[in-house]
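Both complexes below contain chain A, partnered by chain B and then by chain C.
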Partner chain A sequence: MSGTNLLRWTTLGLLLAFLIFPGRFAPVFAPLTHYGAPPIYDQGNLLMLALAQLGTVCCAAAASTLVAVGLGILVTRPAGAQFLPLSRTLVNIGQTFPPVAVLAVAVPLVGFGEKPTLIALFAYGLLPIFENTIAGLRSCPPTVLEAASGTGMSGRERLRLIELPLALPLILEGIRLSLVINVGTATIGSTVAAKGLGEVIIAGLLSSNTAFILQGGLVTGLMAVLLYDGLATLERRVSRAVPLD
Partner chain B sequence: MELRLAITSHSARVDPLGLLLTAAAAAAWCCLPFVIFKSNRIMPGEPRALQAVLPPWGVIGLPAVLLLTAVVALGIADAKRRLIAALGAIVVLALAIAAAANALTPAGNRIVRVAPGAAFWVVLICLGLLATDAITRLRPRPLARVLLLAVCVGGGMLALRYGPFGNLSVMREYAVNAARFPLELRRHVLLAAGSLIAAVIVGLPLGILCHRTPRLRPPVLGTLGVIQTIPAIALFGILMAPLGALAGAVPAAAALGIRGIGAAPAAVALFLYSLLPIVANTVIGLRRVSQAAVEAARGMGMTARQVLARVELPLALPVILTGIRVVLVQNIGMVTVAALIGGGGLGTFVFQGIGQTAIDLVLLGAIPTVVLAFSGSVLLDALIEVLERTPSAGREAAA
Partner chain C sequence: MIQIENLTKQYGSTTVVDRVSLCVERNSIAVIVGTSGSGKSTLLRMINRLVEPTSGRVLLDGADTRSEPAHLLRRRIGYAIQGHGLFPHRTVAENVATVPRLLGWPEDRIRARVSELLGIFQLDPALYAGAFPHQLSGGQQQRVGVARALAAEPGVLLMDEPFGALDPIIRAKAQEDLLAIQRRFGTTVVLVTHDMDEAFRLGHRVAVMSQGRVLQFDRPSVLLTQPADPFVARMTGISDRALRLLALTTAGEAAVPGSSAGPRVSASASLREVLSELLWSGATSATVLGEDGSARGQLDVAAILARGRP
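So, the complex of A and B:
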């Protein structure tokens, strides 16, 4: 356990050190460049770009969590049950949309910049959360639900006090999946002028500077791994707090 | 007004989904433009009123057909009739937009662009949802689903080829790129399917190995999981350097078409991304095979290899195929990004379109990509369901 912890904190420390003092890492990346090209991305602040990307991803994830959990609750209530089969089919169809296509189609609607990226990430993040919300809400044991009704809880109380807490680990897992996918997908947003680490990668592709590509890719990858790991820890805490058998 | 009448006359048993879709479609119809006219392909368009562009049959016929569909959506529960109504309305809607494009385009003019407006897309999506809901309620068998898909995709392609759609903006872009389109399409499919096949060839034995030696599982699955977190454009870029170096050092590799830019780094990256779902699902599928079935097979005197080939793999096949489905859909989407490093595929049109702010060119790349991914998903889903229903597999799994 302490080994995992050590690895976790070393990774985080290394990532932060690189983002705050990128210049110190120049000797590491220098062998990857040719003809005296800069070894460290010099057309913008790496820390700002990383934070901008993280911000876009988190905004999109917050919006998709609200909508997906809301929809998931709606279709598992008696009043919305009729929409359940259709919404599941839609989730499956939605997964076949490539993120680039969503991004490209959003551009003419809202223009270049952050907005199309936000829309694409929002739409793409909906699916795992929605699916897991439904799975979580439907996996509540019927005996527990009956017991709750038996103690005189209203439908709303039962949802708030029993069903949602029981479904929380699965919902968190959905949020985690969607966040990790979106951290990577957000780099594609740079093709439509969104601020983010994709900028670094694309600058590297355009000037065939492998050092830039590696920096953008590694920072994005590390952010995704750390997010995945952090949220997984949170999930374990939550599911331990919910005693369910 | 008429819509409200229709709703009240059927208020005894109004379909909630029908109500939602009718409201959305009606709002879009009233507030959003149906047709957009652009004086050239990159100019912002101006909306045109329906009455001004449609021939008389369309001005009356299209709203009438849509209204009739709304009545069916609101008041008729029979899924088959709802499906027929929705598909019929989609055909009429397509014909109307084609007629509008033909009416707005001066004869012989190749510069103006007539694009479907937001109202068209919203109504189309609502009709699509109505049809999807009807199909979901009908619960067609796998073969029927594949047939329906073939009829829809084939019919759509024939209609675009021989129908009156040539003046629509997307089809104009197609006409400009007609020579390149089949090549890029082929390349897209080859890249997606080729890397999938390579990943199956490597991933299946790797998954079996991980199942047999549990010690291998965490490092293998962990490494593959980390690869998944590297963004696609970065992985494409990172692979350019070693492949370029390989081509420089080994002339035979260069002769095989391995180069720093182009399809080679894309194929390798897609292969690496594909490994995790295949290996992980092989391990899960094999683990779920009931121990009783394996013991029984051993008891019958089967060798370890026979048990694997005749019992374990067939029983794990649906789960493995689910992994392959995920990879196929994911790959078809990701090949789009390969265009950024000169890998070709339909993404070429998407990124060219983004670069030229020509949305029609973006759609020329994006729509076929979605159709490809969707078709692949339907086909594999049907295959999985057929395999799961196979009685022998079911009996053994239950044992």
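So, the complex of A and C:
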């Protein structure tokens, strides 16, 4: 087992061990607490919170992917090229509008809970996927596209059989960036009562419990790192099948 | 048979192809030759409607090419381009199988056809079927490109400078392969090139294009001896046209009965090669050998020189 692999599996093991048996780690966090405060978050199940956060992020990413890849395909077709500036502006607004502000706007409209968080993460995650889809589709060599048309592929067949497979590594990279950014961003969802690790951090801030803050932050960070690593591995697999010469 | 009638392509106010009419006989090779910007590629691409004509029409075995959707038309027409355009994410076998798959051939027929073609192009299926294009040499990639174009047994094969990216030795081999394959399948080939030697070597008939117009479309020997236009004469090369004319005839065709003490040449060698051999050896005549190695006759310098005149 290589060094990278060892580190990868150790990190995953440690994270799972902490989420499933948090009690065992009490001695590690005890020095960070004062006046007999609990060293491990005790107002909810850490594993459930982590999974809830991951679920929210994945749902948002799935929606972002669908919309961003769809838009990316549309604006790279001759018929849709005129929508490029508009789409780009919309997607950029999604990225520059702070997620906290999106929450503030969304809560009066859809109420508290998961929904406003999903909306904020969806908007925030569009940009990397959209831009990478466009870059990927535009990077297809012109001779390959000409050959594809020359063999008698219709526009749709060419997109499905040639362009999307060739763009896939870049699209995956966009999805990975979007996911990783949003794993961290998702913690703010707890301010509007979405289930997630933000709850642990907020509880720590309210009771001046550094151990809680650290637990929420560490679990979120490790999830982001592992997700990044896992998706990067998947990308390399796909890229090997799509050698770019 | 391909009949091109009054074909014109305009982009805005520029006319790229100007009222071109020509007819390519079935089972023959027509070469379109011209300088860059002469409209030769555009003319070729209008045959399979990668470029839609502004006016005029193309008849394929009597049927107007506009009578079916363009992508369905292209599945019946092979198309090979410079730089091969292989799909980098698909294996050699998958690349070759592209058109049969689009046509929905049964899987076992596709497999048989792919192995057959790889065999014809000297690519051992066991070694190369699962390889990716970037793992092949330039010459191999080019052969896969032509194999892909021929996969669905098209009656017509269009080639746009297919050998342009190859070095001279591999190019000569690729040209021989093309001639052999054309004879074997009886495909009607239309090939675009800017290389006059290639045009004379491959073409049964050669069209010389300039500024969107076809100046002359005829047999190579006619282009050399009766150029219809000063530009055609310039393209075909005034200074070495006698040698080019010699290159069009083989020793076997020109040999007369008799024997000679001079060098021995193969019947498939061109008169140009025989003359060169005679110059080199200082002899005045050569023995022509058949494919079996037996003497088929002889050729002397005077007979060769006589064939270098119109």
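Criterion: the second predicted complex is superposed on the first by the 238 of 245 C-alpha atoms of A that agree within 3 Å, B and C clash if a C-alpha of one lies under 4 Å from a C-alpha of the other, contacts with A are read in each partner's own complex, and residues count from 1 in each chain.
To be clear about the criterion, contacts are C-beta pairs under 8 Å (C-beta built on N, C-alpha and C of every residue); 3 or more make two chains touch, one makes a residue touch a chain.
Predicted model, so just to flag it, every value in this text is computed and none were measured.
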Combined model on chain A: chain C and chain B, fit or clash: fit
Contacts of A:Ser154 with chain B and chain C, given as first, second, both or neither: second
Contacts of A:Pro165 with chain B and chain C, given as first, second, both or neither: second
Three-chain overlay, vertex chain A: chain B-chain C angle, C-alpha, nearest 10 degrees: 100
Which superposed partner A:Gly36 touches (first chain B, second chain C, both, neither): neither
Touching partner for A:Pro27 - first (chain B), second (chain C), both, neither: neither
Which superposed partner A:Val144 touches (first chain B, second chain C, both, neither): second
Partner contacting more residues of chain A (chain B vs chain C): B
Contacts of A:Pro108 with chain B and chain C, given as first, second, both or neither: first
Overlay on shared chain A, then closest C-alpha pair between chain B and chain C (Å): 19
Parts of chain B lying in touch with chain A, wherever the complex brings them together: 16-17, 129, 132-133, 135-137, 226, 229-235, 237-238, 240-241, 329, 332-334, 336-337, 340-341, 347, 350-351, 353-354, 357, 359, 362-363, 365-366, 369-370, 373-374, 376-377
Chain A residues within the chain C interface of the complex: 141, 143-144, 146-154, 157, 162, 165-166, 241-245
Residues of chain C touching chain A in the complex: 48, 50, 69, 71-76, 79, 81-89, 98-99, 102, 132-134, 145, 148-149
Parts of chain A lying in touch with chain B, wherever the complex brings them together: 32, 82-83, 85-86, 88-90, 92-93, 95-101, 104-105, 107-108, 180, 183-185, 187-188, 191-192, 198, 201-202, 204-205, 208, 210, 213-214, 216-218, 220-221, 224-225, 228
